[in-house]
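So that you can tell them apart, the chains are marked A, B, C and D in the order they are listed, and the count of residues begins at 1 in each.
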Amino acid sequence: MGVVDREFEKLEAAFQAKVEAEQRIEPKDWMPEKYRQTLIRQMSQHAHSEVVGMLPEGNWLTRAPSLKRKAILMAKIQDEGGHGLYLYSATETLGISRDQMFDQLHSGKAKYSSIFNYPTLNWADIGAIGWLVDGAAITNQIALCRCSYGPYARAMIRICKEESFHQRQGYEIMMTMAQGTEEQRDMAQDALNRWWWPTLMMFGPNDSNSAHSAQSMQWKIKRQSNDELRQKFVDATVPQAEFLNLRIPDDQLKWNEDRGHYDFGEIDWEEFRNVVKGNGLCNRERLQARVDAHEGGRWVREAALAHARKQEARKAAAAA
Amino acid sequence: MGVVDREFEKLEAAFQAKVEAEQRIEPKDWMPEKYRQTLIRQMSQHAHSEVVGMLPEGNWLTRAPSLKRKAILMAKIQDEGGHGLYLYSATETLGISRDQMFDQLHSGKAKYSSIFNYPTLNWADIGAIGWLVDGAAITNQIALCRCSYGPYARAMIRICKEESFHQRQGYEIMMTMAQGTEEQRDMAQDALNRWWWPTLMMFGPNDSNSAHSAQSMQWKIKRQSNDELRQKFVDATVPQAEFLNLRIPDDQLKWNEDRGHYDFGEIDWEEFRNVVKGNGLCNRERLQARVDAHEGGRWVREAALAHARKQEARKAAAAA
Amino acid sequence: MTDKDMLFDYLLRLGDNSLILGQRLAEWCGHAPMLEEDLALTNIGLDLLGQARMFLSYAGEVEGNGRDEDRLAYFRDTKDWRNLLLLEQPNGDFAMTMARQFFFDSFQYLQFEALSNSTDERLAGIAAKSLKETTYHRRHSTDWIIRLGDGTDESHERMQRAIEALWGYLPEMFDMDAVDEAMVVDGIGADVAALRPEWDEYVNGVLTEATLTRPEDSWSVRGSREGKHSEHLGYILAEMQFLPRAYPDAKW
Amino acid sequence: MTDKDMLFDYLLRLGDNSLILGQRLAEWCGHAPMLEEDLALTNIGLDLLGQARMFLSYAGEVEGNGRDEDRLAYFRDTKDWRNLLLLEQPNGDFAMTMARQFFFDSFQYLQFEALSNSTDERLAGIAAKSLKETTYHRRHSTDWIIRLGDGTDESHERMQRAIEALWGYLPEMFDMDAVDEAMVVDGIGADVAALRPEWDEYVNGVLTEATLTRPEDSWSVRGSREGKHSEHLGYILAEMQFLPRAYPDAKW
């Protein structure tokens, strides 16, 4: 074993000790390359998801059914853009630029949450996204507030606050729809039918099949397993659906007194893989929308840069 | 006076004699250069009007309020495209190509009927265009069926038949609207308010101010004066409006027993000039739509040409 | 689902296909690459609209709730529409429009051929009439696939891009669900899955002549038979249905 | 027109301007040239929407027929809208959107300044709040006019094209009709014609800094005060009003 290897082992041990002592890792601290890479993958995916997630909701912004709902939705989408910005910045602390992350997204190398490959087909979908999708996201994110990487943990704390606000707004839309006309009720049920299973898939594969999980748990990037978080979400959400008098589309769903949890049916992982692979209704539209925005905006960014350079040159000339 | 001049005078006299004998001038016949130019101007303007006229009606095609109305409107617009084609062909007999005519339209050198610079703002506008605009067009065109230039006269005969069909369809829309709900009645009245005066302007300036008229009458391109045709249109249309129980927006309109005609108010020629000059709501959109269609379709036309050439080359190679 | 419900649903599929594609073609009105194509596209659009009216009128009668063609066209929201996802995709450029048209025409030709032998005489009659129209539509779109594919470099590239962009919408055409199966059993409907080989043969022949490359079967989407659409349909309906929705008491 | 009718109409103009421009900005959502602009455009859109709600609510109260902001926003057809033609024009590229915004912001800044001294206290209050927002909007759009005008050759060309394409919509902002006159006499409304010199001075200054050429006053269109719009508004409304029109009995 050479000097470099020994040095590396020492650094790694110190890193792991710090993680286990629940101290936060900060950008300038030494960290294993795989830890950095894992965080870049996960954080940039998270950032991309915020930005791509603007699209399915943006789809109803021009058609929101009241001015108040339009304002709430617009503010929500704006928050998501803000989260995206915030997460891109946090990820940049790991030594990757926003442009590099965009390139990875646009080339398909980086992913975004597959939930956004489903279309929003009626107004209740906006409620369902807030209630279910944001609800699932929060369940994940609360765990991430204690993530070992400082900038990520702090971003999560800030984001969680706004997300729980969004979740309440989404639930309120569902409530209004569920208590509305028969047609509105049908929309609410239809939305729940379409979003329920994809939402459960957001927590990732079952623990028995989760490749990255063990290492992420050891590094305390992840604090709870996929299945634990999924169970937590189901337990919290089922009573909410009952309160709305809506039916969760799962015949096997029932309270298990022994476990103190709801049992629920098998997830159709084949569908999950199918959508990830590109067979969701909106995979192409979503990515294309981002690529078009980026490519279509190139001349604007170039102009802004060119103008800034001219300004500086003028300032320099004036000072000389 | 030289030989050439004398020769020319003889030709011109023969031409005029033929015109006065009500014989048709055909493409291969000798004709004065100004006669040819006048016809090119008038016929190409007519063709352009058919094609630009597809746009204000096309504006409601995707929003027609019943499938039957949608089918009728689509067929009508198709007829207009057909008239355009037919008139371009007739104009080509005068030694100008369709591409040259398009260039003149797109550069602003050639005009189209200024009526199409007004927007279609509610469904009754589709009725009003059929009833009033097509009605005015027919009044003009019936006179043109006896135009001295053969291809134009024949085109007019064919077009008149279809136009009178369109006019009846338009009137039928107005009737349905005028007998409909209060809102429909308001739309019908609003449409009549907006289209009435611009339609009267379609007949051109008053005879006392009409520059080209005398020569055109002598050549029998024109068979009746602007004011005669306008009076004919007003006389025919006022009772139709009364039947619909709609009010023509002209306080001075009333039957003149002595003249056996309706008297009507002064046309606001300032507005007419204003719209012709470019201040209609849709001048820019209409022209831009045509330019975009033409420019945007260039690659398609080039491909069609390239393919035809390839096919011919293959045929030639096979034959060799 | 009763037999009646199934026939109703089946007729909606046929009607909605024609109507939505016709609506998309109407968007081209006045904007086609040449005047002759303005005429051709409105001509095809008119045929499709005519088919839609026949299918939807029949559907309304089968349903028996007093819904006529307009009630069905103007007062259903997204989830009750049954048109193929392919047909609600945006027009894009002329290559995209023609690719969409070609894939559907060549399918519809075979479907109408089969349906013109339906045991349901009214359906058979509509199909036979529509088959004649579709024969012309298919010739028209086939010609453009070949012209653009084997035209200039630019047109070739645009057409290749168009067929790739639409490729994943095509498998849905050949899907068979319970309604399709029941209609086939009753001798009413067409076995669309069985049409695929002949469709493939025709399409492959045209693509070859057009010097285009048949795309890999790498992705596919579906859902229209259950009312799961792309996000485009909502916008089509908002525009198309505006007047009857805004003035529900009016007759037009 | 009674005084009440005139005030109602005047408030509609103010509300409709903010609402239609906000709706246009909403179309950018998720498609802006950079994430920061997505935030900025939704931010401005939100301000405009908030202004619209205040003006329309007030208008509904003045009218006294029980129409609230949503009734006014969702159940009026084209001819009853009073927004400036400028604001319903399509987004076009980012230069077009920013030019439209700049021309309007710099007008609205002066109008709100005047209205914040209105004898109508409620109107004055809304104007004062809106003036703060508009101060930021104007700074934002001014910055972009300068950046794009004095940026690259491409951005300069696009921006010059944009201001030319919109130039003829601007005179309408400064039109005074009977309602405007009456509002001025009552000390309620702003004398918009009188704002022109100051607007010109500001705009000229920005165009100069942006190295852009002020277009000739060669054409102009108008009509919004009488409900005569361009053909774009109908499509905006069909989309915006779809849900309340389709489900008139629903509460959202």
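Going forward, a residue touches a chain if its C-beta (ideal position, glycine included) is under 8 Å from a C-beta of that chain, and two chains touch if they have at least 3 such contacts.
Just so it is clear, the structure is predicted and the values come from calculations on it, not from any experiment.
Remark: chain A and chain B have CA centroids separated by 59 Å (rounded to whole angstrom). Separating the centre of chain C from that of chain D, both taken as means of CA atoms, is a distance of 41 Å. Look at where the CA atoms of chain B average out and do the same for chain D: the two points lie 37 Å apart. Residue positions of chain B with contacts to 2 or more other chains are 63.
Multi-chain contact residues of chain D (touching two or more other chains): 77, 234, 238-239, 242. Chain contacts here follow an irregular pattern that is not a line, a ring, a star or a complete set.
Inter-chain contacts, as defined above, occur between A-C, A-D, B-C, B-D, C-D.
On the chain D side of its complex with chain A, the touching residues are 19, 23, 26-27, 29-39, 42-43, 45-46, 49-50, 52-53, 56, 69-70, 73-74, 93-94, 146-148, 150-152, 154-155, 158, 239-240, 242-244, 247, 249-252.
Of all residues in chain D, only 77-79, 85, 165, 168, 218-221, 223, 228-231, 234, 238 touch chain B in the complex they form. Contacts from chain C toward chain D in the complex involve residues 77, 234-235, 237-239, 241-242, 245-246, 248. In the complex of the two chains, the chain A residues touching chain D come out as 51, 54-55, 58, 61-71, 74-75, 77-78, 81-82, 84-85, 88, 123, 176, 180-181, 183-184, 289, 292-293, 296-304, 306-307, 310. Listed in rising order, the residues of chain B touching chain D in the complex are 56, 59, 63, 119-122, 190, 194, 277-285.
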